[in-house]
Amino acid sequence: MRESDMTTERLHHATRAQRIGEPVLSVEGVSLAFGGVKALTEVSFDVREHEIRAIIGPNGAGKSSMLNVLNGVYHPQEGTIRLRDGTDWREFHDMDSHEAAAMGIARTFQNIALFKGMTVLDNVMTGRNLKMRCSFLEQALWLGRARREELAHRRAVEEVIDFLEIQHVRKTPVGRLPYGLQKRVELARALAAEPRLLLLDEPMAGMNLEEKQDMCRFILDVNDHYGTTIVLIEHDMGVVMDISDRVVVLDYGRKIGDGTPGEVRANQAVIDAYLGVAH
Amino acid sequence: MALSFFIEVLLGGLLAGVMYALVAIGFVLIYKASGVFNFAQGAMVFFAALTFVSLVERGVNFWLALVITLAVMVVLGVATEKVVLRPLVNQPPITLFMATIGLTFVLEGLSQLVWGSQPHGLELGIQDVPMEWLSQSANINISQFDVFAALVAGILVAALALFFQYTRIGRALRAVADDHQAALAVGIPLKNIWAIVWAVAGFVALVAGLMWGARNGVQYALTFIALKALPVLILGGFESIPGAIVGGLIVGASEKLAEVYLPQYLNAPLTQFFGGAVNLQGIESWFAYVVALLFLLVRPQGLFGEKIIDRV
Amino acid sequence: MLYREAGQFKSTYAEDQQIFPIRQDRIGVLLFIAFAFVGVPLVANQYWFAAILTPFLIFSLAALGLNILTGYAGQLSLGTAAFMAVGAFMAYNFELRIPGMPILVSFALAGLCAALVGIVFGLPSLRIKGFYLAVATLACQFFVLWALQRFGWFSNYSSSGVITAGTIEIFGYRFETAAQKYLLTLAIVSVMALAAKNLMRSETGRAFMAVRDMDVAAEVIGIPMMKTKLLAFAISSFYCGVAGALYAFCYLGTVEPEAFNLDLSFRILFMIIIGGVGTILGSFLGAAFITLLPIFLNVLFGGISSFFQVEISHAWLSNIELIIFGGLIVFFLIVEPHGLARLWQIGKEKLRLWPFPH
């Protein structure tokens, strides 16, 4: 990134640091194993409201597994996830993905989980499904209430589409879009749900520099505009260091680092893990 | 008395199951090698039987007719692979499945167009009569023919097993079934392999056609045998020949037992319950399916299949 | 030249949401509906109504039902005819056993019964997918037929299992002639087609398509798997049930369980494959194609027969029909897997440019 961009980012950091609030998600002693393979071992960290938290680590460290645990796709054998709802903390041992979605956790996937048979607009609209109240009968008859609801949600979705600058492809079937745009559509779908917590699984995977810059900008904009708390997995160190407020480092399923980007970068254990030093 | 009857029914069912397994093996071969569920297998069985029987009726020598029919089945298999499946090679499995349904109709129409639609009898030299020594000694009537069919099935499975284990082509087939990409990477010609698989499936269809044709007569209803093979495949998994045998045995036995015993015991109570005539006759039309269905609910991949893991 | 969208701007989302956003389409559809309701009864004869138009409409409805389940929701079903059978027999029983029951209510209730059966046999879809599920629907197909034949209650204990549908009377007006039955069928099918279109373009339809495309992801974004799949089965079976009731009351008049065999299920599946899986229009196009094809072949070979003075037997003709059917399925799957509906769309695209080549 150019000098002026870097300055903007640092300024951004400053204004954002003031907005970061109390912890809203707490992961305590989570262990996950598949048969004999231990994916996560007693991982604990928290995520503060409005912050951008990155999870990094070498390949196979358990980052995706951690994300999958957070949104209920995997159930940890040990440990709890606690989510703050106002002033109450709700504890989860066996949350399933449907409950997670209902609680305001949305996510994107590493390999793009869009509905290839539908247009961009329809895909993003599915993100609103939990907010739709009308029964199928009302929808079939297209009565006043069903109509109004559909149009109201359409309005909300169009705002998200505008925000992520994908208006020009809104009627295109998603399968026909280039990879970078598909990733953005997936982000739009997650955003349409108005999530409290947004989980991004390698949002920049497979992108060139320009696309990465765009995606960075969008992620920062989302955090800025909507105040959404974001947890993301990313391999590109430059991106991580620039946009995240705090970082969790995993290696072989264990947490080996937790702090600001600067702190983590200087952590010897982290350096060893990445350089492949035997440990 | 009741026990010997029960054994008779059970054994009869098991043997019928072996016959189902014969058809199922054809499915398994094709599915294993190319991932295609060949709904047309039943029509292939019918076509093979009809071709053979029509040749024999026109005075062709038994063994010559067999060879000719085999050749026809091989050609059919290769042609199917080339014309129907290769153009559809990257389509989702459901499309391929529907293509084989279309193929079924073509084969059914073609068989009857060429050879006519009257039923034929098929003589293989073994009669459908009870085995003497068994009915004399233990009062159990097991059809000689059923035992013969079981033997034939056993030989077929053994032959296929040897073929897959010890020949080069067999090894190549196993490689393709395991991993297409890897097979390509070591230089196995995928298209030739698929043609061979379909030819072998055609051969299996011929054997099944002969057995079923001799047992039930060669008529249009033979095509529905394929449908009976489906519960067998569900139980045994789509990719396992031993599974097909085991599945066949389970389906055959349970179906026969249900057919004989359920009406006997349940007709009266159900008639009372519903206040009107209830006759459970004919339960075998759906019993196997429901058994398979219940089984699927517990173990979606069948007895021998591999667990399907959905990754996002 | 005629088919231009120039000047047709949408300034509200409501306008963008319309079923027919292009004005020419709206006019065309209105004209078509007017023709169907008014024009056709003026020109068509008894044969056309009884043998072509009414069955076409009924099969379109059944194809619509199957399309909702298999095309939109991605749950392969080979038991369509069984749901139709439930609809036919239950409508008959409601009419028979409850004196004074309005026929439309009977139809609706028959559809609901079919929906219930659909839900029961749709339960396996929560665990099973793809053609394993197809086998479950086969279980439904065979079981329902067997039950209708074995439990005498369904056919009022007639020895042959045949039922004869009663007369149709709505508010004192009798629908007896073929033309009247056609109009009733047309009205019912139109309303249900509209409902289906509305349903598929709202959240229900999106949920169905999400389950079809990637059900794991659908679940993660909050779409309830069980409710969605069972709803798909229920709605689909409802449509097939009503189609079955119409089949008995407005088309054949006399039906037996065997009429709703596996062959019919496959026929309807072919209708949606050829017509266009996952489209409303495709259901109609496919039904038209499959209904008209045998007639077309009959006429064609009848002409060949008389022209060449060659005797063509009935058996020969039905076998040729089978071959052509199967061949067409394979052809469509290879050449245009999205069916006639996609060809229609392409045609419209070209019409937009006409008379220019591009």
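In order of appearance the chains are A, B and C, and numbering begins at 1 in each one.
Definition applied: a residue touches a chain if its C-beta (ideal position, glycine included) is under 8 Å from a C-beta of that chain, and two chains touch if they have at least 3 such contacts.
Since the model is a prediction, treat every value here as computed from it, not as a measurement.
Ranked by separation of Cα centres from subunit A, the top chain is B.
Chain C has its Cα centroid nearest to the centroid of all protein Cα atoms in the structure.
A straight line joining the Cα centres of subunit B and subunit C is 32 Å long.
If you average the CA atoms of subunit A and of subunit C, the two centres end up 43 Å from each other.
Subunit A and subunit B have CA centres that are 50 Å apart. The multi-chain contact residues of subunit C, meaning those touching 2 or more other chains, are 214, 216-217, 220.
In subunit A, the residues that touch at least two other chains are 73, 109, 113. Those residues of subunit B in touch with two or more other chains are numbered 312. Of all the residues in subunit C, the ones that touch subunit B in their complex are 76, 124, 127-128, 130-132, 134-136, 138-139, 142-143, 145-146, 149-153, 157, 214, 216-217, 220, 262, 266, 269-270, 273, 315-316, 319-330, 333-334, 337.
For subunit A in complex with subunit C, the touching residues are 71-73, 97-98, 100-102, 106-107, 109, 113-118, 122, 125-130, 132, 134, 136, 139-142, 146-147, 150-151, 154-155, 158, 189-190, 193. Here subunit B touches subunit C in the complex through residues 37, 83-84, 87-88, 91, 93-95, 97-99, 101-110, 112-113, 116-117, 227, 230-231, 234, 274, 276-283, 285-286, 289-290, 292-293, 296-297, 300, 310-312, going by the rule given at the top. Of all residues in subunit C, those touching subunit A in their complex are 13-14, 17, 195-196, 198-199, 202-204, 206-207, 209-210, 212-214, 216-225, 231, 235, 278.
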